[in-house]
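Each chain carries a letter (A, B, C and D) given by its place in the written order, and its residues are counted from 1.
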Amino acid sequence: MKRLKVSILGASGYGGAELLRRLFQHPLVEVVGIGSRQYESQPLEACWPQFAGLSSLIFEDTATIIEKCDLLFSAAPHGSATSDVKAALQSGRKVVDLSADFRLRPDTYRYWYKEEMHYPELYPQAIYGLCELHRQEIYGANLISNPGCHTTTANLALAPLAAAGLLGDDIIVNSATGISGAGRSAKVNNLYSEVNENYVPYSLAGTHRHTGEIEETLGRVKAMGRQLKTHADFDPVMVSFNPYRAPMTRGILASCYTKSPDSNISEEKLLDLYQDFYSGEPLIHVSSSLPETKAVFGTDRCILSVRYDQRTGHIIALAATDNLGKGAAGQAVHNFNLMQGYEESLALIRQAVWP
Amino acid sequence: MKRLKVSILGASGYGGAELLRRLFQHPLVEVVGIGSRQYESQPLEACWPQFAGLSSLIFEDTATIIEKCDLLFSAAPHGSATSDVKAALQSGRKVVDLSADFRLRPDTYRYWYKEEMHYPELYPQAIYGLCELHRQEIYGANLISNPGCHTTTANLALAPLAAAGLLGDDIIVNSATGISGAGRSAKVNNLYSEVNENYVPYSLAGTHRHTGEIEETLGRVKAMGRQLKTHADFDPVMVSFNPYRAPMTRGILASCYTKSPDSNISEEKLLDLYQDFYSGEPLIHVSSSLPETKAVFGTDRCILSVRYDQRTGHIIALAATDNLGKGAAGQAVHNFNLMQGYEESLALIRQAVWP
Amino acid sequence: MKRLKVSILGASGYGGAELLRRLFQHPLVEVVGIGSRQYESQPLEACWPQFAGLSSLIFEDTATIIEKCDLLFSAAPHGSATSDVKAALQSGRKVVDLSADFRLRPDTYRYWYKEEMHYPELYPQAIYGLCELHRQEIYGANLISNPGCHTTTANLALAPLAAAGLLGDDIIVNSATGISGAGRSAKVNNLYSEVNENYVPYSLAGTHRHTGEIEETLGRVKAMGRQLKTHADFDPVMVSFNPYRAPMTRGILASCYTKSPDSNISEEKLLDLYQDFYSGEPLIHVSSSLPETKAVFGTDRCILSVRYDQRTGHIIALAATDNLGKGAAGQAVHNFNLMQGYEESLALIRQAVWP
Amino acid sequence: MKRLKVSILGASGYGGAELLRRLFQHPLVEVVGIGSRQYESQPLEACWPQFAGLSSLIFEDTATIIEKCDLLFSAAPHGSATSDVKAALQSGRKVVDLSADFRLRPDTYRYWYKEEMHYPELYPQAIYGLCELHRQEIYGANLISNPGCHTTTANLALAPLAAAGLLGDDIIVNSATGISGAGRSAKVNNLYSEVNENYVPYSLAGTHRHTGEIEETLGRVKAMGRQLKTHADFDPVMVSFNPYRAPMTRGILASCYTKSPDSNISEEKLLDLYQDFYSGEPLIHVSSSLPETKAVFGTDRCILSVRYDQRTGHIIALAATDNLGKGAAGQAVHNFNLMQGYEESLALIRQAVWP
């Protein structure tokens, strides 16, 4: 079978490296182009020593790598490659966009990003790529908007409750993430000397942009159940989303607290609900044990569990992902497989590196 | 001034090491005895290389070190030294007990520890040593029950709200801790290879023993305000307490979520409330910035802040401590200073090691 | 093609987990048995949460898993499974032994392990599995003795110099390793609280058992060049081997210092020598950049470089491996592939997880 | 006693923070000024959250803080504050300079720094502040050049051998350091995501600038013994210095390998030699156990030991320091105490934070 030619914009970021780790192993793909302003004309290993001796790719300019490819992965930061995405689409190429550019409805986008969506005319063709819930509309799509890392994790944790009408009025998401989510940019806050032995809250109390994504997806689930359509009608569900940085490179653990309107629940019933909801999903594991981030380190899986606090009536839904895997590059490749109609797990990683 | 003779039971644990780091610097104290079953007859440095060349203490048996001292710090694990504490008290010595043995009312103790309190006859003289809130009754006490680490942190975060009648019906505490809280015991779960790059929930949903301590203290604050009496009447306040292990040695960040019954609040008012409540406290700092654990690493301080999520109406109270400092040994020495009527900050540590 | 049935003894250790991560992906293998005294009768995920939902294997007793298999991987600690290895061999099964039981000549073994080799009668059939240097005799072998982690790393660094006659009289190996080399055993020294922010020398100055392995292999290279025979004659080369524990889970960096007898050398010539020596090796990468352990994290590769200190005349040979990959499980699977005559890179991992 | 007024240039760097942690506790010092280009006009806590609530200092411009003080600590990077140091000296103030500007003889400086010394006319009054070996000439000095971190550690390890004539022709220093030595500057290589799980060689084989400092000090010891004069005659001793970055914030472990010209040595004799050489030193501890960096974390101590490899004849001298303590700020305060004729341990830290 002929391999599909793909290029990666933003290949010098962590999301880019993780795309390469998967796409180099993909039996139906040939990576033909990698882009990075900073490393243009340099070999891949100048940026990523782990690929030394394994690839002869050279970073090239954006126009060149788009020209070469059938499909573009854009892992460049929010807002920086929107016009490239547009150009790729206009020249008939498909795009998987890992940025936030097309994740929200234009009005929600304006609220959270304090600016207008760059190309709102493209939004109607953008499919929100939370694979488990948008699978049907991803097949054949031209533009996938790959979800955020906190978002993916919280939504997978809360979706079964939303679908079953078990979300209470108050939904609190306490989401702890590794530092790689902040990217490979040189900021003092991200230095080892600042991060090690430090647990840090940030963008609390309704100020983090991922809030909008969580609210839209939960709204869709409430309206449509398990098979979502990006562009159907729905009302968002309000959530208090609160992110924290744990001193680690990878991993997100979302702890989602709500109080069920239905008092006739138990941990056992809740686990059954989750098992049913995600039955057959190749990248989801529902466990009666509490999920921990190391069990998904380096992978594209999400491990879920749920607890019920009988004393207070709270449901606690928990999800662990690798923010660069299921939370970024892994889901992007999953979306790619679904778009193309390939076996959907091709090149995805399920076995964590432990220890 | 003559130095008071103190001994330390459980000096081979992390709490013990932190007691020594403070008491060796205390101008009114002489450490005369250190106890540890495992290291008996060995020099201090066999257990703690950081004290090599700085002390000639030898670990001795319990009876000997009690005999030598005027006051005993007991840092032995829960339940393991209760009879030694009793013996020390009966021979006229004062005790600061870092274990959970006398932290709860006997009925609450039975509920959370699944056993009877060992010497309930001692409980009436035990003073709960949350220094900022029990200061008056600590002076002159014979037996201090030093609070737990999660407990101290959550209670300092929530007390101003409890006192001001701003706690809602639902109170969720999401408390992330470093691994040293698990002690120096050799367990697979605590190995570096298991902890690094791992964020782990444990004892969620009303199953962690610190829940009872939080509920009792908040109940006292609700009933008595800022000056608490351990043995006065009160009704506990129900809390959903949920602990997590972050991949770090030290530090606790408690995130406490509640929805105020009073809708006329703002972040500014809340910060004022916290500033007032802790005005003049030498070890508390209320900040408009978000607290992070590194800012209290190695110290006996607690840094607090509070946020208000206008969209959802949630108050988020945040507190950072070092679980071994303010959460254990530092508070024990603070209690000791208060008991003895010394200047209360003697030998306490306020400047964190950063980076 | 029919899959070969393999079993793994000691599957609850870190080496065992890494064998599973590779063998589950091996197209010609079926893992039929896993053994562990501690976890007998429990499912794999009770020990390894990362495999939850990915395997239905149950830990079984040693006799059962040997009975089921065509070939046995023994990842049990040194000395604990020697009789099981013997039994497996006697019943006609092949064995890849990851322990030190058959790594040394009986007299060298006695010197370093302070005891007699358990079954010296098996030693003549044991092939020392440093794949790059023993490839020819590994094909068709029945018993492979898989090299140690420090050993593999130091020997790959020094072999080209030994073969070229460039080793001086003094050879100093300074080898820094991650803590996972100490295994999954619960020891205080291996706790996160003890390891983080700690760099620790151990077994210095000719007291570490890996010294003997390094000396034997370098002796063989000096006598035989690039194609070694385990049981041919040779004189060991004396080395001062000095190991250190760095605060990380995985990775070894060996720094090997020697002063060439040949003064007509340069960094460029040395790099050429290394490139030639390892030309065509699928798991070796010789780089002009300095190797770092993260570039091989989770992999079965070794990255090498060499420096020449013109001022002092020292050659510094450097090698980075993952102690659990190329230093243990990865090399074991490489040996397995060679024994069986399979394509030698099957199921081996070359792309590191970065970050 | 009236407190001496001191100011700190470069107070926003890690060395600056550590100076503050000590000087705020110094009974004879008042910190009157702090300088930092980046934080000018901002309060101390904007830069260092750990001092929030503990100080009301504001960052000011260089001229102002020099004007205010009796003595200046300059913790600004190499070359950036040389003219400020000159101005402070010319206006009659004393200076402790933590940079490399005056650490080397002008010709050695030119060799290692590839430029001329900025103010060679000041060099004759600069005293090299390795406290244990230059104590006599530090008293009363106007300008102290505070040694480098790798340098201090290696020199303390090797000085006893140099003084006793036990250095061989070859001296190899393998020095592993925490990342904080690279400063608080935002570079990709220093990000948590790059540093964690990574052990990295850098500037090997005679290319690191600290080499010159080690060679000069060992030369002085060889010529003068235990009481050194910065400006006396001596011949440097050649050393192969090789630094590595371990994944930790703080700590240096120097491993120094040499082969004694005297064959009549033993570990016991060497330990005696070290004990004698450092007898009475308040910040040095010679141990028969192997030193580890955690035992000096956060302190101004150096723990030393020595091993003898009987098989190969190598002496291995080992020293552990905290690069920011004894390796920088702690030694600077030690120098300050000596200059002023104060009790030399004032405000120095001897008890490590463990765990």
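As a working rule, contacts are C-beta pairs under 8 Å (C-beta built on N, C-alpha and C of every residue); 3 or more make two chains touch, one makes a residue touch a chain.
Not measured: the values here are computed from a predicted model.
Looking at subunit A and subunit B, the chains that touch each of them are C, D.
The chain with its Cα centre farthest from the Cα centre of subunit C is B. One finds 37 Å separating the Cα centroids of subunit A and subunit C.
Per-chain Cα centroids separate subunit A from subunit D by 46 Å.
Residue positions 14, 178, 180, 184, 193-194, 196-197, 247-250, 292, 294, 297, 355 of subunit C are each in touch with at least two other chains.
Within the complex, the subunit B residues that touch subunit C are 14, 178-180, 184-188, 190-197, 247-249. Residues 170, 172, 174, 176, 178, 191, 193-194, 196-202, 204-206, 238-240, 242, 244, 246-251, 253, 255, 257, 259, 290-294, 297, 307-312, 314, 316, 318, 320, 355 of subunit D are the ones touching subunit C in the complex. The residues of subunit D lying in touch with subunit B in their complex are 14, 17, 21, 24-25, 48-54, 180, 184, 196-197, 249-250, 285, 287, 289, 292, 294-299, 303, 324, 350-355.
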